[in-house]
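Two complexes are shown next, each including chain A; its partner changes from chain B in the first to chain C in the second.
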Partner chain A sequence: MSGSRQRKSDRVGVYICHCGGNISDHVDVEKVRADVERIPGVAVARTNMFMCSDPGQELIIEDLRQGIVDRVVVASCAPSLHEATFRSAIARAGANPYIYEHANIREHVSWVLHGDKATAKAEKLVAAAVGKARLLEPLDPIHVEARRHVTVIGAGIAGMTAARLLADRGLEVVLIEKSPYLGGHAARLDRVAPTGERAADLVSELAEAVLEHAAVTVMTSTRLAGFDGYVGNYDLRVRPVLAGPAEDRNGYVPFHGVVGGNPPELTIKTGAVILATGFRSYRPRRGEYGYGDLAGVVTLPEFIRLFSAAERSGDCLVLDGRTIRSVAMIHCVGSRQIPGIHEEDGDGRLNEYCSRTCCSAVLHAACRIRELFAGTRVHDLYRDIRTYGRGQEELYERASKSGVLFHRFTAEAPPLVEPGDGGETGDFPLRLTVRDGLTFGEEVRMGVDLVVLATGMEAGDIDELVAMMKLPVGTDRFLQEVHPKLAPVETSVAGVFLAGTAQAPMTIGEACNGAAAAAVKAASLLGRGYVELDPFVADVDPALCRGTGDCLQACLADGALEMVEVETEEGAARQARVIAARCLGCGACVAVCPTGAIDLKGWSLKQYEAMVDMIVADIPDNA
Partner chain B sequence: MTVVSPEFAEELKEYGDDTALQCFNCGTCVAICPLVDDSFPRRLIRYVQIGARERILASGRDLWKCLHCGLCSRTCPRQADPGEIILGLKRYVLAAWREE
Partner chain C sequence: MACRDVEGKILILATESCAYPGADSVGQAHSGYPANTYILRVRAPVMFPEHFYLDCFAKGISGIIVMSCGEECPWEGAYKALADRIDRVYRMMREQGLDIRRLRLTAICTVCNRAFLKEVNQMNEIVQELGPPRAQEAGAGDACAEDGAGQGNNQESP
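Right after this comes the complex of A and B.
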């Protein structure tokens, strides 16, 4: 990689984009073109209204085909938008896609500077890109063999869906579940909104499919104990979950005994991982709306369980032997919390997001009560109603038609739940008072037998998994995708995908969508049996490496560098070797190498120096 | 402080349509009403929902300003039929006055 041996290209093509005025309203694009065309090494400089358009790309392809240029610089928007576009145009012209350099003259120039300053900075950035482009060399993507095997973690609705779809596509699947059961949270529901299907039917259908599928191995009561490898070649160590608190402890565990032997550990060799670890249901603080203090205050999941064993007295609902004449359901418990208003949890955190599923779940439960037990009144206390999906607004309307009475409160003035006093609200065990926005801000009061709290979703307890797999976590503590729109199930760890509520609160339908997307992503990643990665990784020059091992010390990626014995002209020696698939391309090794033996492909020190030289050089003014 | 009495809806049934609970309090009827201010007719429909009997009985002045032009019923997104509810309330209030 040493630059001295490298020939500089003198056929750089520069393509400058107007971005339909986004750039050219502030940057004198024609002046940039005329000036950079005179920079040594530039064969041609052209402009176009939209370089990313077909005619724009065609300019580049034509120049390459005719041999006018052999290196390409596009000056346009951020490379995150169109670098891939232009690399692919170069490949279509039959050239190597890595002879490309990008200059960002929109976000870095025209959106932040105006007039002469903008034009001058654009010229500097383009000149620097030209300097680097002259030293670019054709590179080959890293070719990594990939196992056509996927491991899905979590056997809820999302995990089972992903496992089934992958197996149907012909991939081998291992489905790991820490509990003894398949079904996750859905198995704790009864009938689900908005369609009223039985959760048991959904869970049973999926579970049967994965259990019977020859390509799916289901491992229940199993957890992840180790994670190693790289995209296409991950090694997952799994071990059985012990009943009781004994895990990872030695000696006598009080009231359990002594942990005997080592639980068998197994290594799964897999190509990709889908995380379908689900959520945790919000547990109200003691005293939040009387929860834990007052009998008759329950969470929605608790209510669903009780209601599945509902009995009847006349046309009134009877739960656990208690006749329920009137029930209040409170929305947004543990969701949409506001700093300064809501109390933070033990770790000083608030759930500021909307849990998205509770409005419909509450309304569905309310409809079921009213439609089956006409004698039971339902009060619905909400901040906002968010019935956003197909069939959900209809549920809201159905609740009104079935006689549910709504009251609206603000976060600042939540409903007050107190024991009933037998006074004006009658002989109800509980009394609820709320400043009601629908009644023009007046306080209204009602007697109830039961209060149901619509508790939201929180991120699951997967800290260990997050640390082990180095997973990105959002401020809401859910696992985070690379891009909410353009890469919605990918994580920053290559070959690790997200499915279902591990990512965010979502409905069963949305969880299945996410699972299907993750399955498709994993299948297309591994389908060819190999994976191609960008070649921007460290590279060792054997002629210069003296085997100091400094690079290993500096390396940030586990196992990306190793020391190997090599035969040289002076006999056996130790030298560093790069495991390309594990290298992050960060350059930490380059900075510490005492002999300059290690460098980054596509981002070499010589290329950086050339850029700096061009930034400080005077650009000939053509004006 | 108003104590909610949902059973009031039963009392009203003999005087008119039983559609008040379909109202989701959007206020379209208030915006379109050409004659009466002060959140009419939504205020009265809300009073029906929570069973604020005394307030309704004291609202004769507003009730009889309504000319039944029908704009509110025509624009209601929930088919709660506010005009018809107001008509029912007039009957209810008259009946209550007679009893007095």
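Right after this comes the complex of A and C.
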């Protein structure tokens, strides 16, 4: 790979994608093809409507099999989307997948430029990729032993589901939960939409399964205190959650007592981590729809708890000793917030997303009230109804048939909740006013005994975990996957997966889907007992290494480089050696080597120099 | 590989975990920016020695923007080593009479569209003003002579 061993390929194949017009509407791909085919080292250049399609991939496979090409450049979309696709195609042709370089002529060219400039820039980027590809060498992935062990953080529905599935696949599982209980938010529900099952049954079934499973170790009142290692070989330090501050552990804690002994901190050696840390229920601001100021204004989770102990007075619902003749339920509280209309939180943030579960949850609650307590009137005040899943639209219809009264408001004119004054709305403790879009903007006033706010989901309080594990967080503050479609439960940290509402608002069913996906991903990652890592690590050319040790000084990883005694033609000498499994592949060593003896496999300095050479070179114009 | 370049080529070294997907995000938003920009995906720009930058200018690259992950760098210590190196490159540029505004170290996150566009447009203005790189440029080492004058952190809060 390094200079003394370098050989340039003169059989580079270039494959240029139209991307169905996404590229070819702005880049003259045929001109690019004709021009780059004349670049030294290019054996063949081809175009295809969709290089990622089977016929597109076949072009590459066929050229490799026939020996026409031995290096591959695909010019298409961002490498994050299809680099793996084309490496895989190369492997299917029986070639080494690392003889591949990607030119991004969609996101970096055709989506930001038009006409001749776009075509010229695309040619330069392809030429640069050819320059690098000529210097690529076959590489072998790094083989690292992996622990067939997964740690699941969070014992809600998603975490328990993932733990059970993994254990059933024969993997050892540790399930960590910071609270003393298994069940998470689901345990705070009663009957769940749209099926009406008891949440307690779902939670109990799963909890029993994980508690009794021989392969699952459940650790409640436990939190993550440290995160170290790499995919297949993570070390997680965990410690018990204590009531008092950490510094008080060995002394008297005022108004608490004395914490008994040093808490045992232990290290879990694990191969992968599933984050099932859940969400936080939105807490309305004081005064938001009267919440906190007016008795009788509650959130939906609070209502669910009250309703689980409902009593009856004739046909009417009785909650906490109060007869509820009329109830108003307001949607989109703390969700779908709009800049300039809604008030930002203390950190200047808005929840601009839809929480997705509240419409069905509210309608389910409304149906339950109407069906069990015909004497209690239900007003449903909504901006839009989003009952999108199986059985949910039927719930909407059921609510309508059961006599729920719907009123539609806009974000600009939200309902006003005030104390009742005994006037036209009667002797109700609360008066609600809404400009109703369903009656052509008529202002409707109603007296109610109870207002239920359909509060949405917010990202959980996991800042410490995010910082410790360097986790990607989206603009909505939920944990972010690598790609919403192509890698929906993977994070940018290899071997760390997402399950459930840590990722986004979702229903229990969706959380279980996510948990199952994460479990499958973790099981397939660790199933063989080893993982293969990209071989993009430092490599020393013994012919050039003079043993200065500068690379050791610059190295950012512990133990990735060492000095060893070697026999050379001139006698015994000291040289640097790379410990591949510990090398981070950052290249800090490359910059400081006085003889250019150390370089990064697959991303070498010489390859970058070749790319720059191609960028500044004139490309022969075939037009 | 001599270069006749009237436009002034700008090389962008973009980290694969932050700035490169940041540039993808700009593309997804269909936000246009100058055509004379060539983005190279890098694992960590700390791998480039001082001479790489000087060689680029000698080859005819008019401006270089190092788009790092900044403080969010996945490799602890890499950003400081990089910043120190860029300072050394500035000193070497001044010794060669190159205007140090031709090199800029900045941080671009995966959703830093505005910061990306600002950096690219600013560098384009500079290379249009300065023309092709040549030793002993007028004004080199004057207005921007302070170490780190070309460094900036543009991380937008997502």
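Convention: the second predicted complex is superposed on the first by the 438 of 623 C-alpha atoms of A that agree within 3 Å, B and C clash if a C-alpha of one lies under 4 Å from a C-alpha of the other, contacts with A are read in each partner's own complex, and residues count from 1 in each chain.
The definition used in the following text is that a contact is a pair of C-beta atoms (placed from the backbone, for glycine too) under 8 Å apart; a residue touches a chain by one contact, two chains touch by 3 or more.
Note that the coordinates shown come from a computational prediction; the quantities given were computed from them, not determined experimentally.
Within the superposed three-chain model, A:V112 lies in touch with chain C and out of touch with chain B [touch as defined at top].
After overlaying the two complexes on the shared chain, residue contacts for A:L600 are found with chain C alone; chain B is out of touch. With both complexes placed on chain A, chain A has more residues touched by C than by the other of chain B and chain C. Contacts of A:V520 after superposition on the shared chain: neither chain B nor chain C is touched. Contacts of A:M468 after superposition: neither chain B nor chain C is touched.
In the superposed model, A:L306 makes contact with neither chain B nor chain C.
After overlaying the two complexes on the shared chain, residue contacts for A:A588 are found with chain C alone; chain B is out of touch. When the shared chain is aligned, no partner comes close enough to touch A:I579: not chain B, not chain C.
For chain C in complex with chain A, the residues that touch the partner chain are 1-5, 9, 11, 17, 21, 23-24, 26-28, 30-33, 35, 38-44, 46-50, 52, 55-56, 59-61, 74-78, 81, 85, 110-111, 158.
For chain B in complex with chain A, the residues that touch the partner chain are 1-4, 6, 9, 21-25, 39, 43, 46, 49-50, 52, 78.
If you check the complex, the residues on chain A that touch chain C are 78-80, 104, 106-108, 111-113, 117-118, 120-121, 124-125, 128, 470, 472-475, 492, 536, 554, 556, 584-588, 590-592, 600, 603, 605, 608-609, 611-613, 615-618. By the touch rule above, chain A contacts chain B in their complex via residues 377, 379, 385, 396-397, 400-401, 403-406, 408, 424-425, 433, 436, 438-440, 442-446.
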